[in-house]
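Common to both upcoming complexes is chain A, partnered first by chain B, then by chain C.
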Partner chain A sequence: MLADLIALQQADAAFPSGSFAFSNGVEGLAAADPGFGEAALARSVAAALAFRWAGTDRVALILAHRADGDAGRLAAIDAAVEAASMAEPMRTGSRRNGASLLAAHARLGTPGAADLRRVVREGGLLGHLPTVQGALWRALGLPERSAALVSGYQFASGLTSAAVRLGAVGAIEAQRVLSGALPLIAEHLERPVPEPEDGAIVLTGLTPFIEIAAMRQAQAELRLFAN
Partner chain B sequence: MKPHHLQAGDPIPVGPASAPGRRAEARLVFVRGGGGTVLSRQHVPYPFHVTRAFRMHPDGPDLATLYLQSASGGLYAADHLGLAVEARAGARAHVTTQAGTVVHRGGAAASRQDTALRIAADAFLAFNPDPLILFPGAHLALHTEIVAEPGARAIVTESVACHDPAGQDRPFDRLSLNLRIADPAGRILVQERGLIDGAAFAAEASPLGPHRAYGTMVLIGPPEALPAIPFFQAEADAAGCFAGASPLPNGAGLGLRLLAIDGGHLSAGLEAVFRTAFRALSGCEPGRRRK
Partner chain C sequence: MTAHTHSHTHLPAASDPAPVTAARIGIGGPVGSGKTALIERLIPVLQARGIDFAVVTNDLVTKEDAERLRRSGLIDPARVEAVEAGACPHTVIREDPTLNIAAGDDLEARFPGLQLIVFESGGDNLASTFSLDLVDWWIFVIDVAGGDDIPRKRGPGVLRCDLLVVNKTDLAPHVGVDLDGMLAEARRARGEKPVIATNARTGAGVEAVADAIARAVLFAP
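Coming up: the complex of A and B.
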């Protein structure tokens, strides 16, 4: 029961995770398409969940959770996320969001957060968001499945809430898109992440449309979000 | 029963060891010699075929251009073809094709094409084959590995488009794209693995958006030699593509992604950005490719 409540706290938009600063490509999509609205947002969320979150963020987070605080293993997972992120705005966004989450947990006194933050500051870890989430949520006692569930929910709700703040959709439309994403998240969560026998970290993703939008938006003079 | 589309995170299917299909490995080694670039080694078994090396750059007579051809008309089910290209010290080479390569209907085992590129510190290699054309039922696994010494210069593209000769828009089966860039010590700088099935590729919620052709280009070279990002975007846009560029992870270079509604527009966009990349990294005006 306590773990469920902790999961709710971590998923709460009021938790100071720093994610409000990142649109993860939605701002670029909206800028590229004047007609960007509920239908386009729903398609983008579905594609991002299937072809970014499920094979990259979710897998990295689960492996980081299983690392149980092993700094060497976390660094290897972090390096794999970095190497798998060709689009710089997504890469730096993930690192900055990871740093924000880590700062909040260090101030809250979450077990291991201060040490992890020190490792990041000393360059032992890049501090990508899924790596940090996996490490911190394990330290808070969240089971692996709950951690993956919160990650998936935050990934989708981050995209929809960014669309609201951009004025691309209204609050009700955003919730409709989020409702449509929930069964997709549940479906992806059912897919196992086997522990590789050789320790190899295999991350898969294919989201060129949203990445290009984010790359182009990074060149724009006026931006609301960091990516 | 709800159909299960292959998605990111799913294991890449591997065919039985006894699967039919050709096995062939080709190797090309470019070296500096006699004031120019020459092929010092050329092992090109069937179905590979290469032309002789052409001199197509008046302001870069040392630069060799070589066309890679398929003598068999493309990739067939369970083929496993390997190509290794090496540009040794001082060599400057451009390897390309004259047309897209067709990937025919496959089976449980992928038609696999492995490309291994190695570029010495002061060498230049441009590798820009035309798009692979995925026919209905095609099952392709593309593996590209680049090992570049510090100071090396390279342009590498990989691209895919779909085509149904019957005009019925039947999808390909599966596509796996794998791109790795490493330094000579084996440190992985970039490691991309993409996996998608044909139905998801063409679906309303496709990760390609409304586009149906996709290409990636990587530029490796000293930061001061790499062109400014807005140039690429403008050139690809003018050719009818939706494109973006950004620095690659771990200082590996510059990465470009291009999307287009079809292979023709994608080829035009890739050609436009390739010319800019070629000019910047070779110092030569790109020769007009004879097709």
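Coming up: the complex of A and C.
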């Protein structure tokens, strides 16, 4: 029961993590398409879940959770996330978001958070969001499955709430899109996590349209979000 | 993409968060009230007093304020950080200040000995307030041209800030504002809390603002 409540707390948009400032490409998509609305958002969320979250963020988070605080393993996972994030705004965004989440947990006194933050500051870790989430949520006692669930929900709701603040969709439309994403998250959660015997970290993901949109938006004079 | 593990060293056990050393203050207020102009005037005053400081800006739609300060020639550009507000200028200083906290921590790590970090909010409304998780003390800037009824409206920003600055005093006769009446109303609304009138264009009142900062968070007499 307590683990469920902790999961709700971590998934709550009111938990300070800095995530609200990252659209993860939605601002670029909306800027590129004047007709970007509910249908386009739904397609984008589905694509991002299938071709980014499921094979990259989800896998990295689960592996970080399984690392159980092993600094070397976390660094290797982090390096793999870095390598799998070809678009600079997404790569930087993930690191900044991870740093913000760490800042909150360090101040809250979450076990291991201050030390994890020190390792990031000293260059031992890059501090990508899924790596940090996996490590912190394990330390908080969240089971792996719950941690992955929270990650998937936040990934999708972050995209839909950014679209609301951009004025691309209404709050009700956003919830409709999010409702449509929930079965997709559930489906992706059933996918196995590749864990070869040699310890290799296998991350797969390709969302060129979203990433190009994010890279274009990073050059824009006017923008509301960090990516 | 693949990578391999390198070691099996476990992270050390939990310890207390690293202590925050530099004092942190906020400067908030409505769009166009003169927050950036006030900071531009404060920079040389703080420098003349030997205060080691840095600035974090929260621009709403651009990095214009950060770039304005970086290019001003007044301050080392590396001492100016920009944090995006994700369309929510109040969220990044109140409900979720973690990006700002992290930016402040980064500045402290890069500039050991930093005494003061100034967080400039993006332009907002009268309900804008800073979280005390982020800052120790904060200023709310309103301006004469915004109308002399602002203090009477008693917004949370006006009432709860540690220092209320009424800027652009030179414009009062041109916009039909009774400056003395506006200041008196502001003081009535705020009780014991201070109000300072400034003209950031000429620098009038800026020394008094610097005095207030130094007394409040830098232990000046």
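The rule is short, and it goes like this: the second predicted complex is superposed on the first by the 226 of 227 C-alpha atoms of A that agree within 3 Å, B and C clash if a C-alpha of one lies under 4 Å from a C-alpha of the other, contacts with A are read in each partner's own complex, and residues count from 1 in each chain.
The definition used in the following text is that a contact is a pair of C-beta atoms (placed from the backbone, for glycine too) under 8 Å apart; a residue touches a chain by one contact, two chains touch by 3 or more.
Bear in mind that the values here come from a model prediction, so they are computed numbers and not experimental data.
Novice: Once chain A of both complexes is superposed, is A:Leu166 in touch with chain B (first), chain C (second), both, or neither?
Specialist: Touch partner of A:Leu166: chain C, not chain B.
Novice: State whether A:Arg73 touches chain B only (first), chain C only (second), both chains, or neither.
Specialist: Second partner only, chain C.
Novice: If you count the residues of chain A that each partner touches, which comes out higher, chain B or chain C?
Specialist: C
Novice: After superposition on the shared chain, which partner residues are touched by A:Val202: those of chain B (first), chain C (second), both, or neither?
Specialist: A:Val202: touches chain B and chain C.
Novice: When the two structures are overlaid on chain A, which partner does A:Gly152 contact: first (chain B), second (chain C), both, or neither?
Specialist: After superposition on chain A, A:Gly152 lies in contact with neither partner.
Novice: Go through the superposed model and pick first if A:Ala87 touches only chain B, second if only chain C, both, or neither.
Specialist: Touch partner of A:Ala87: chain B, not chain C.
Novice: Considering only touches as defined above, state whether A:Ala218 meets chain B (first), chain C (second), both or neither.
Specialist: A:Ala218: touches chain B, not chain C.
Novice: Just to be sure I read the superposition right, which of the two partners does A:Pro111 touch: chain B = first, chain C = second, or both, or neither?
Specialist: A:Pro111 sits against chain C, while chain B stays out of touch.
Novice: If we overlay the two complexes on their shared chain A, which of chain B and chain C does A:Pro16 touch? Say first, second, both or neither.
Specialist: Only chain C; A:Pro16 stays clear of chain B.
Novice: With the two structures laid over each other on chain A, which partner does A:Ile210 touch: chain B (first), chain C (second), both, or neither?
Specialist: first
Novice: Output the chain A positions appearing in both contact lists, the one against chain B and the one against chain C.
Specialist: The answer is residues 79-80, 83-84, 202-204 of chain A.
Novice: Sort out for me which residues of chain A touch chain C in the complex.
Specialist: Touch residues, chain A against chain C: 14, 16-23, 68-77, 79-80, 83-84, 96, 99-104, 106-107, 109-119, 121, 135, 139, 162, 165-166, 198-204, 221-226.
Novice: Give the list of chain A residues in touch with chain B in this complex.
Specialist: 32, 42-44, 46-48, 50-52, 54-56, 58-59, 79-80, 82-89, 91, 188, 191, 193, 202-216, 218-219
Novice: Name, in rising order, each residue of chain C that touches chain A in their complex.
Specialist: Those in contact with chain A are residues 1-18, 60-62, 83-88, 91-92, 95-99, 101-102, 105, 109, 133.
Novice: Using the touch definition from the top, list the residues of chain B that touch chain A in their complex.
Specialist: Residues 7-10, 177, 188-196, 200, 204-209, 211, 214, 216, 229-230, 233, 242-250, 255, 257-259.
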